[in-house]
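I have a structure I would like to understand better, so I am pasting it below and will then ask my questions one at a time.
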Amino acid sequence: MDHVLLKGVIAYAITPFDRQEKVDIPLFQQLVERLVVSGAHAIAPLGSTGVLPYLTDEEKEAVTEATIRQVAGRVPTLVGVSNLTTERTIYHARFAEKAGASAVMIIPMSYWKLTDDEVVAHYDAVASRISIPVMAYNNPATGGVDMSPALLKRLLEIPNVTMIKESTGDVQRMHYLRRELGEEVAFYNGSNPLALSAFAAGATGWCTAAPNLIPELNTALFDAIQQNDYSTARELFYQQVDLLKFIVNTGLPRAIKAGLELYGVEAGELRSPLKPLTENENTILNTIISNIKN
Amino acid sequence: MDHVLLKGVIAYAITPFDRQEKVDIPLFQQLVERLVVSGAHAIAPLGSTGVLPYLTDEEKEAVTEATIRQVAGRVPTLVGVSNLTTERTIYHARFAEKAGASAVMIIPMSYWKLTDDEVVAHYDAVASRISIPVMAYNNPATGGVDMSPALLKRLLEIPNVTMIKESTGDVQRMHYLRRELGEEVAFYNGSNPLALSAFAAGATGWCTAAPNLIPELNTALFDAIQQNDYSTARELFYQQVDLLKFIVNTGLPRAIKAGLELYGVEAGELRSPLKPLTENENTILNTIISNIKN
Amino acid sequence: MDHVLLKGVIAYAITPFDRQEKVDIPLFQQLVERLVVSGAHAIAPLGSTGVLPYLTDEEKEAVTEATIRQVAGRVPTLVGVSNLTTERTIYHARFAEKAGASAVMIIPMSYWKLTDDEVVAHYDAVASRISIPVMAYNNPATGGVDMSPALLKRLLEIPNVTMIKESTGDVQRMHYLRRELGEEVAFYNGSNPLALSAFAAGATGWCTAAPNLIPELNTALFDAIQQNDYSTARELFYQQVDLLKFIVNTGLPRAIKAGLELYGVEAGELRSPLKPLTENENTILNTIISNIKN
Amino acid sequence: MDHVLLKGVIAYAITPFDRQEKVDIPLFQQLVERLVVSGAHAIAPLGSTGVLPYLTDEEKEAVTEATIRQVAGRVPTLVGVSNLTTERTIYHARFAEKAGASAVMIIPMSYWKLTDDEVVAHYDAVASRISIPVMAYNNPATGGVDMSPALLKRLLEIPNVTMIKESTGDVQRMHYLRRELGEEVAFYNGSNPLALSAFAAGATGWCTAAPNLIPELNTALFDAIQQNDYSTARELFYQQVDLLKFIVNTGLPRAIKAGLELYGVEAGELRSPLKPLTENENTILNTIISNIKN
């Protein structure tokens, strides 16, 4: 199995809603198209950015199909299929595979903290039912489970769990992964403010919603890294770091929607209880974006 | 509206599953019956103990109806109706009211951290659609949102939000609630190991899954408190504290199921990814329960 | 050895300085006298309240002698002798014993986090050189080392380490101590806002700087507890809890000095870098004290 | 004032003791000599590594003089002068300046948490009494005060506070410093496991005890960074990261002493309560060092 199927800037799409808070599939496809043509190296629907946990089964299926239809093989797709129960996770993973996804991403969502054995059994039950690669996603701040590096190592023993996405914001986790797992295992950075550190540490890719707003800066950073030119990478990073921190701090779906509108791009509505940025937050975002343009 | 509708030991029921991991309603009703006859002052289905987030809409409705049918007005019922989206929370709150629930409990479940304004709008949207009292439930460890005492104070301005359940495990939150909100607002303790401290601080009730295993000790503790006899309360508390800590640390659904079986009571299966206690955990639980009996 | 040498309200004295930031021994003795006559059950100089770590060896000796001279056997004395190095801790412990202290208190001050073995060896080296009882003091927020209940249990195997002072603010530590160590070992509460919870949990005493400001409320709380009258204890606790939280949050030496001055009692100066409360903090303290009086 | 007086690998010396736990100045000078000849870009005595807080005033003076005598101007010296009281900090800063130190390092050591105003006043009082540059050192894990980036910005308004050493282990603090303070202010990394990330983020230097053990790897990393060759830097970093983590986790004075002895270099004794590495820790260190050599 190809361990480096995904590489570079993996762009996360938002899920836009109409005024009745129904998923707006046509608008979703437009937003996916923007990501593809702006140079993203892969497209990832149904992540945190895409408010996966707020969607019904039918909505998730519609978003999955719309993604694959729109991307049409131009770049790989990485579809989020996480669910609280193992049974539903299997269901959506199989759906994504059949629909044509390149890979699936799974975060062990929890209400009750899961034991390590429960997490391993969960991944194993899902991965064994599909043939496409699985990215194990660690993000305790949203998912509620913090998978230790030792647990991630156990997950990688499952044949098609081949990628790790680390979003704890602790670059030392990445050092450990690299030391412990060797160079053949791909790890991905999911913490936007760590983009530079993670690439320096050897990350294969950057999972980010930022390409919805600043795709050129995101891909230019990756290009500089590829060329081993960190002076340039550092300069590019400091140009975008304020935006990267802002979208994380205010929440990706809310921040990306607001940013798109500042760029004059239609972004639809949010689903309650999520609400638009406050006026004050909007002003800060506007300033950050203006500073980047200059 | 009666602020002290609920008082004393509020017993949380588990949701048992059959071997196909389907909800076992007949067994559920038996377990509810045990709680009622053992002296619980109120019955609470669909809490964390009842694995609310792992159930489908239909399952939640069936559990709600089964509870009210079985309890049959002998004690009040407090039905959990929390959901990630506001729309689904309204739906289940209205369902519970129509089915005959005495009150509903709502925790602001989150994937994305909610702002204070989002939380207030969420509660307001739900509470305004029903007439029965709402218990606002604060438990960042499971729900992902930590509602500050100041935010809880804002929630209490909503007319039928009349009860606060605090499960942060920080008794100082309760001191603040009492100082800030006065004696007329009822607060409830949801942190088992704080049972004694919370009653000392003036808690109106104790939300707990422990009555599934040790109902006499739980109600005896409350009785001693009612009689202002803390020497006895302390003695009773230290008899049960090891069990209270154990069921929290290993997760209520897993621990209660195991404990029931040690008592020879059928408890059904868990839904994946949740797994039974390990052999080692079972041994510890057995020792704790044996020590209590002696 | 008497395990309950110290009981009830153990009052911590501040160390006042003159305008040249030299220790003002005559003023110190006046402040100690106030504590004794106001009903404190024991007097504790050279604690955190007494800015022990900011004093020279000579100053510590002068304060120790002044305390014992002034208290003159009316109540027991508990002298702080903590130091970063083992050698200096031994020195001050022996000095305190010779000067006539009833007991010494030792917190494992650290710059480098100490291992459990280093902590045990430190206490053992000191305790074996004196004959009076030692109170092991756990306060990671000031001392930098968090002694686990298991470590505290090891310390109690040292013959004259007979008392534990817990200041983590986590009442569950006290539950553990009581369960693990039995009723014969005395534990003391050093976290002011936990005064009520700790007594409910069975604490033998309350180590507090509050008697500098509200001695009657402090001892009345202990009296109510002694009489197993928690309704009264709760009422008394809620009368003083705002002050208890304030003095902890703003720092005991700064807050007690300011409070004494609001009461018209001379309190001397602080030693730099510590500075008086800000005007805003003073206003809050004034309001809290006014509310208590009414 | 030259903002980049210090650059590259700033090597921290341990303070060795004899069997009576007295400072061994001749041995100290030998260890300093090793650091200078092995290529360190600056020498820093009396840091955490040098157990500053465990030394008497006289010992600090002797170590300061011995450093300057031994280094003899070959590289700059950065002398730690931190103390709990402002008065003693001024004293040692003036002593260091007179003795010929190139710069002084000050961490706001605390027992009581200091307010921002207290920290600023402390630095201002010290810095205004000397003419050499001051490095403000942020390390809440040892010093007990966490200086926010905003506070560090205030400190930099003091004329001769020109350098920031960040040891929180959070690379985002460095991003903030760079964005907020601009390129003209030098920041230094004091967190060994962040060496690569910090240089990627633009750190001017690396404050580290590692050159006592692996000077070539440390300086080679810096050289690769200087040449904008991060592929090489990454490779060098992963060769040394296990050692960097180990010496931080077990405590720098204990780990460096043990490492020196594994290399056959005399390192003296520790001062109690610090104890040598356990046998098990020594075995791990031995393995790490063997892996580096191969």
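In this document, chain identifiers A, B, C and D correspond to the written order of the chains, with residue numbering beginning at 1 in each.
Definition applied: contacts are C-beta pairs under 8 Å (C-beta built on N, C-alpha and C of every residue); 3 or more make two chains touch, one makes a residue touch a chain.
Per UniProt, the chains are A, B, C, D = Dihydrodipicolinate synthase family protein.
Everything numeric in this text was worked out from a predicted model, so none of it was measured.
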item	value
Shortest walk length in steps over touching chains, chain A through to chain C	2
Taking each chain's C-alpha mean as its centre, the one farthest from chain C	A
Intercentroid distance (Cα basis), chain C paired with chain B, Å	38
Gap in Å, rounded to a whole number, between the CA centres of chain B and chain A	35
Where chain B and chain D are represented by their mean Cα positions, the distance between them in whole Å	51
For chain C, residues contacting two or more additional chains	none
Arrangement of touching chains [line / ring / star / complete / other]	ring
In the complex, chain A residues that touch chain B	21, 48, 51-54, 84-87, 108-109, 111-115, 117-119, 121-122, 125, 141-142, 144, 251-254, 271-275, 278
Complex contacts: residues of chain D adjacent to chain A	169, 171-172, 175, 178-179, 193-194, 196-197, 200-202, 225, 228-231, 233-234, 238, 241-242, 245
